[in-house]
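Chain IDs A, B, C and D follow the sequence of writing; residue 1 opens each chain.
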Amino acid sequence: MKRTVPLMIVMVGGILMILQYFIPHQISQTVLAYYTDWAPIILAFALVLGVGSLTRIHSHKIRRKAKNWQYSYAVLIPLFGMPILAHIWPASLSGGMDSPSIFHFLFMHVQVPIQATMFSLLAFYIASAAFRAFRAKSALATLLLLAAVVVMLGQVPIGELFGRWLPETGLWILRYPNLAAKRAIMLGVGFGMLATNLKIIFGVERNWLGGAGK
Amino acid sequence: MYETIGIWVGAIFTLAIYSFLYKENSIYRLAEHLVVGISAGYGMAITYQITIKPRLVDPLLSGDHWILLIPGILGLLYITRFIPRISWMSRYPIGFYMGTAMGVGFPLTMKARVLRQLEGAMVPLYQSGMAWYEVTGNVVMILGTLAALIYFFFSKPHKGLFFGTGSKIGIWVIMVGFGATFGFTVMGRISLLIGRIQYLLGDWLHVIE
Amino acid sequence: MRKNWIGIPALMILLLLPALSVARGDDEILTPVAEEQLAEPDPGLDVSGTVTVQDKDNDAGDLLLVSFELPADTEGIFAYNVYRRVAGEEGEGSWNLVEIIPADGLSEFIDGYDPEYPIASGVLYEYRIASATVDGEEFFGPECEAGVVSKGEIYHTGKTKIFIASILFIGLIFYYFGKAQKGIEMYMRPIAGIEAIDEAIGRATEMGKPVLYVPGISSIADVATIASLTILGRVAKKIALYQTPLIVPNRDPIVFTVAEEVVKQAYLEAGRPDAYDPDSVFFVTTSQFAYVAAVNGIMMREKPATNFYLGMFYAESLLLAETGSLSGAIQIAGTDAVTQLPFFITTCDYTLIGEELYAASAYLGREPKQIGALKGQDACKAIIMTFITVALIFGVIDVVANTHILDWFRDLVTSPIVD
Amino acid sequence: MSAVNIWERMLNIDRRWIFLGIGIVSIVPFFINFGMPVRTTIEVESIYDYVDELGSENAIFISFDFAPGTQAENMPMAVAVMRHAFYNDVPVFMTANWPLHHGMMLAAMEYVFNPTTEGFYQDIDFDDWRELREAGVTAKGDLVDAWESQGNQLPDGAMGWVFEGRDYAALGYAPVFNLVILGMTISIETQYPIDAHENALGEMPMLQEHKSLREVDLTLTCSGSAACEWWITYAREKIGMPVAFGVTAVSATDYFPYLQTGQVIGQMGGLRGAAEYEVLLAENGITSSTDKAFTGMDVQSVAHILIILLIIMGNIAFFAGGFHKKALLKEGR
């Protein structure tokens, strides 16, 4: 009941969905329709687990007055405030096009800019990563460095000052050796995925049940 | 007015995040905790609004979709995780999700990641009108793919002419590929920064167009 | 290359594919029963002739292949409006406009894609086609009853290649499962990353600082996440022995629950259930960059000695790895995300590239079947390499002898883009 | 202080200096224009040529499939093609595949129609020209004549009039967008009975002329994610609709195969692709000058050069200091 039934569910669900792919008949389409209907509903409930964990860890911090405990209020208040606000102004879920509300404000003017800014930190980090990592320490590292520099220069207008060959070489590297590397990784990863799919469906890999191995 | 305050708040939080570049500090910490709370709260609200309400609650209330009780109950089983004695029941929904996801993924992976890639690696070396660099490119691509595949061979030691040299060439090809991807990505990442500068200097301070 | 014999039967099976696809043939074409009703020939535009309807292959019984005779005189015709109704219905209101075909010589289309007017399986329909002017004036052709009804098929003939490849793969994996179960020793080359994992944990212990483990940001259905959780089990067990603090922030709620179980179990197996801190594994948020903000904050505040990034990553890879190196941590990464590997390679001390991540998890899982699966994957890679090599040879022959065998060979593995 | 120490200090430079450098070189070009020439490539030219062939009897879709995060790259693409279409009187339908992306669509319109923007278009609300429409004046040329004969004058600096419902329709976001695309292959109006401004689509002359995607000549999807593939799957593969990509630099390489097979007529990759389109517009007199993406390319040039200089300096210090023979360096800050 505790282990066998979940393993059975996995096996039946997995085999059913594999077969479903090869059968165009309406019964098979009905199965797919049920799956696409149900999966998002079941998945949606999982968020409760996350919220539970978040609440527990931050209320713990506050209770124990752990280091930086004050900030935990900054998590807990909006965590429960947002759904409540959304309930009061239910129409304001979409970004940008609706009437102003606190919910909309917090999303559009706090969450969106912070996320975009986090994303843009990459511009700084990619520079410092390039400085630290691109050292011609070995033949391999030199290859990495040269490929990166050629492609970088080929991208920007200033690279054209070196002549037409530079952007063309950059594109050539992207189109051929780069493709070869990506394709080989994709093939290997593809087989790894397929094998893992099978291992899970047939109960060989079962650490998702909790606890490694047996 | 609403928009103006919004842009000011957004700009302040933008600077708060950038302050992290200098040093981890209390303003960053506040922004970090706030965005965690807001985004998780937003996730909850949006999940209810776009999934649970229209797909489960509304149809159930309308009375004739009783079959939806099955995914509803299955979903509720997740909550047993909070009750240690019956927490194993949460394995049922996970099992359902795992099994079906694996099954759906299997043929699609076979098609997209294996057959499609294999097809892509089987290109003609030369067709009329191809320039010399395209022909060499094709040769490099095919041999490079083979060599890189040898690198990912686990059942043989990387020694000898075939496996030794092959895997060595393989890792070279992989490194060239990685270098190129890195170099190519730089432009995209700088663009992200340009976007934020336009926001700060344009929308907020109005010093640039 | 002892295992290469596997390529031979594989090749033979795949060689059979074209024969299969030829033998498939077409569904019986039923001659339409055209019921000429009193079509009033309008002086305006010439109208199309009889409509022929066939059941479409490989569908769920919701599509029909409709073709019609083009009018002799297409002068002035802008488009053909195709109307459909259930056979036997009466009245002008029963006709539904299901398709507008621009008048450029095309006289065939697949009916049933319109969600508003679906085709039901087993229902007999009637069609009529109007020639329309630019202004939308219509001149109707004859009403024709479809000779066939749409029915669903049991097997999709367009997916035979995928089917055969799947069977071959499953067969190979199970063959090696069997071998593994019999206890036959199988060689596996060492993966450098595994030793690096042990060293990195050792370093954290020496320094008395925590270990940060990021299991990727994807869902539990992602294979990389599963591999990562297996490795987490081993890492946690080691950590439990050394009593080093462990931090596992999660982005996916289900991954969080599984990770929690895995770590708890690892502490139990290490005989230190009391040392397990329930706050060590936690959920952060589902939002990608909010998650990164939090993890970066943790890195700079807690200063972990060792960071593990194993699993599926997107743009945040470099944000995490650079912040980690800023905090002075030893970093070990592993992902199957091709686009993110360059950033881990350049910023981390050790990176498991693509499949190596799965292989590492199979090693650490220490189950013979896991090694067997790896062997099976290698056999498949050998098949793929054989194919590419043969294609290369054929390509050379094509250039030298001006033949077209590569096209033929390539067709063996080509599958259509649209199902 | 010995020579080795200088090299060592250079290698262990506090990376905040690098951050500062990137920050400075990214801001300066906004104030000082270098205007380094951008060479156009075949991938972008083919989109330009295609759009240039179109006229008022045709119509295009511009789909806003990006979030504020990649706005800097995707927005100029959409704006450039919008301007090109307006210049040639090609009607433009605008869609968005996510609520947040809807805001991007509105922002693009606000930019192109704003009198403070150089070379803006004067926008006429759907309701404002109701009388003319009801009188049957819907052809663009007649409409402009009739409108101007009513005493309306084109403001200074404007490139021309655009009439909502004749020259553009802001359809915006609709849920489950991949199915919306599929539905639009049959009928646009069933998917969008009203537009983002709550105008009835059925009353729009451009809709009456272009009822489904089959009667539309091109979709440009400006996308920050894999959503651009929806247009391939649901429009290109189903009804053969021509699709052009405007994608971020990071994903541009992934889509070369689509170009190779002709599933995509052209592709603007990242800021560079957008800048190329701006150059083509300016060269052909469709806009008086280039725009944001072109300016951004100066930032790109300088930032790239800075990064390459950093790499070179790092390597000089590494070898000159003899570190290639020595043990690992201590980590930076």
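Following the convention adopted for this analysis, a residue touches a chain if its C-beta (ideal position, glycine included) is under 8 Å from a C-beta of that chain, and two chains touch if they have at least 3 such contacts.
Given the structure is predicted, the values throughout are model-derived calculations rather than measurements.
Enquirer: Walk from chain A over to chain B along touching chains and report the minimum step count.
Expert: 1
Enquirer: Taking each chain's centre as the mean of its CA atoms, which one is farthest from the centre of chain C?
Expert: Of all chains, D has its centre farthest from that of chain C.
Enquirer: Report which of B-C and A-C is connected by more C-beta pairs in contact.
Expert: Pair with more contacting C-beta pairs, B-C versus A-C: A-C.
Enquirer: Between chain A and chain C, what distance separates the C-alpha centroids? Give it in angstrom.
Expert: Centre-to-centre distance between chain A and chain C: 16 Å.
Enquirer: Using mean CA coordinates as chain centres, what's the chain B-chain D distance in Å?
Expert: Whole-Å distance between the two chain centres: 23.
Enquirer: Distance from the CA centroid of chain C to that of chain D, rounded to the nearest Å?
Expert: Comparing mean C-alpha positions, chain D is 29 Å from chain C.
Enquirer: Where does chain C touch two or more other chains at once, residue-wise?
Expert: Within chain C, residues 159, 162, 166, 169, 220, 254, 257-258, 284-287, 289-290, 293, 301, 315, 325, 338-339, 341, 343, 345-346, 353-355, 359, 374, 377, 381, 384 contact more than one other chain.
Enquirer: Out of chain A, which residues touch more than one other chain, so two or more?
Expert: In chain A, 18, 21-22, 43, 46-51, 54, 68, 93, 108, 111-116, 118-119, 121-124, 126, 128, 130, 132, 134, 144-145, 148-149, 152, 155-156, 174-175, 178, 182, 185-189, 191, 193-194, 196-198, 200, 208-210 touch at least two other chains.
Enquirer: Among the residues of chain D, which ones contact at least 2 other chains?
Expert: If we look for residues of chain D contacting two or more partner chains, we find 15, 19, 22, 26, 68-69, 249-250, 253, 272, 300, 303-304, 307, 332.
Enquirer: Line, ring, star, complete or other: which describes how these chains touch one another?
Expert: Complete.
Enquirer: Within the complex, which stretch of chain A touches chain B?
Expert: 1-3, 5-7, 9-18, 20-22, 35, 37-52, 54, 68, 71-72, 74-83, 85-87, 90, 93, 100, 103, 105-124, 126, 130, 139-141, 143-152, 155-156, 168, 170, 172-191, 193-194, 196-198, 200-201, 208-210
Enquirer: Looking at the complex, which residues from chain A come into contact with chain D?
Expert: Against chain D, the touching part of chain A is residues 93-97, 108, 112-113, 115-116, 119, 123-124, 126-128, 130-132, 134-137, 145, 148-149, 152-153, 155-160, 167, 174-175, 178.
Enquirer: Touching chain C in the complex: which residues of chain B?
Expert: 17, 20, 24, 28-29, 31-33, 35-36, 38-40, 42-43, 81, 90, 94, 97-98, 101-102, 105-107, 110-111, 114-116, 118-119, 121-126, 142-143, 145-146, 149-150, 152-158, 162, 174-175, 178-179, 181-182, 185
Enquirer: Report the residues of chain B in contact with chain D in the complex, numbered from low to high.
Expert: My answer: residues 21-22, 50, 120, 181, 184-195, 197-198, 201, 208-209.
Enquirer: For a test of understanding, state which residues of chain D touch chain A in their complex under the given definition.
Expert: Touch residues, chain D against chain A: 13, 15, 18-19, 21-23, 26, 36-39, 68-69, 99-100, 102-103, 106, 172-173, 196, 249, 253, 256, 272, 297-298, 300-308, 310-311, 313-315, 318-319, 324, 332.
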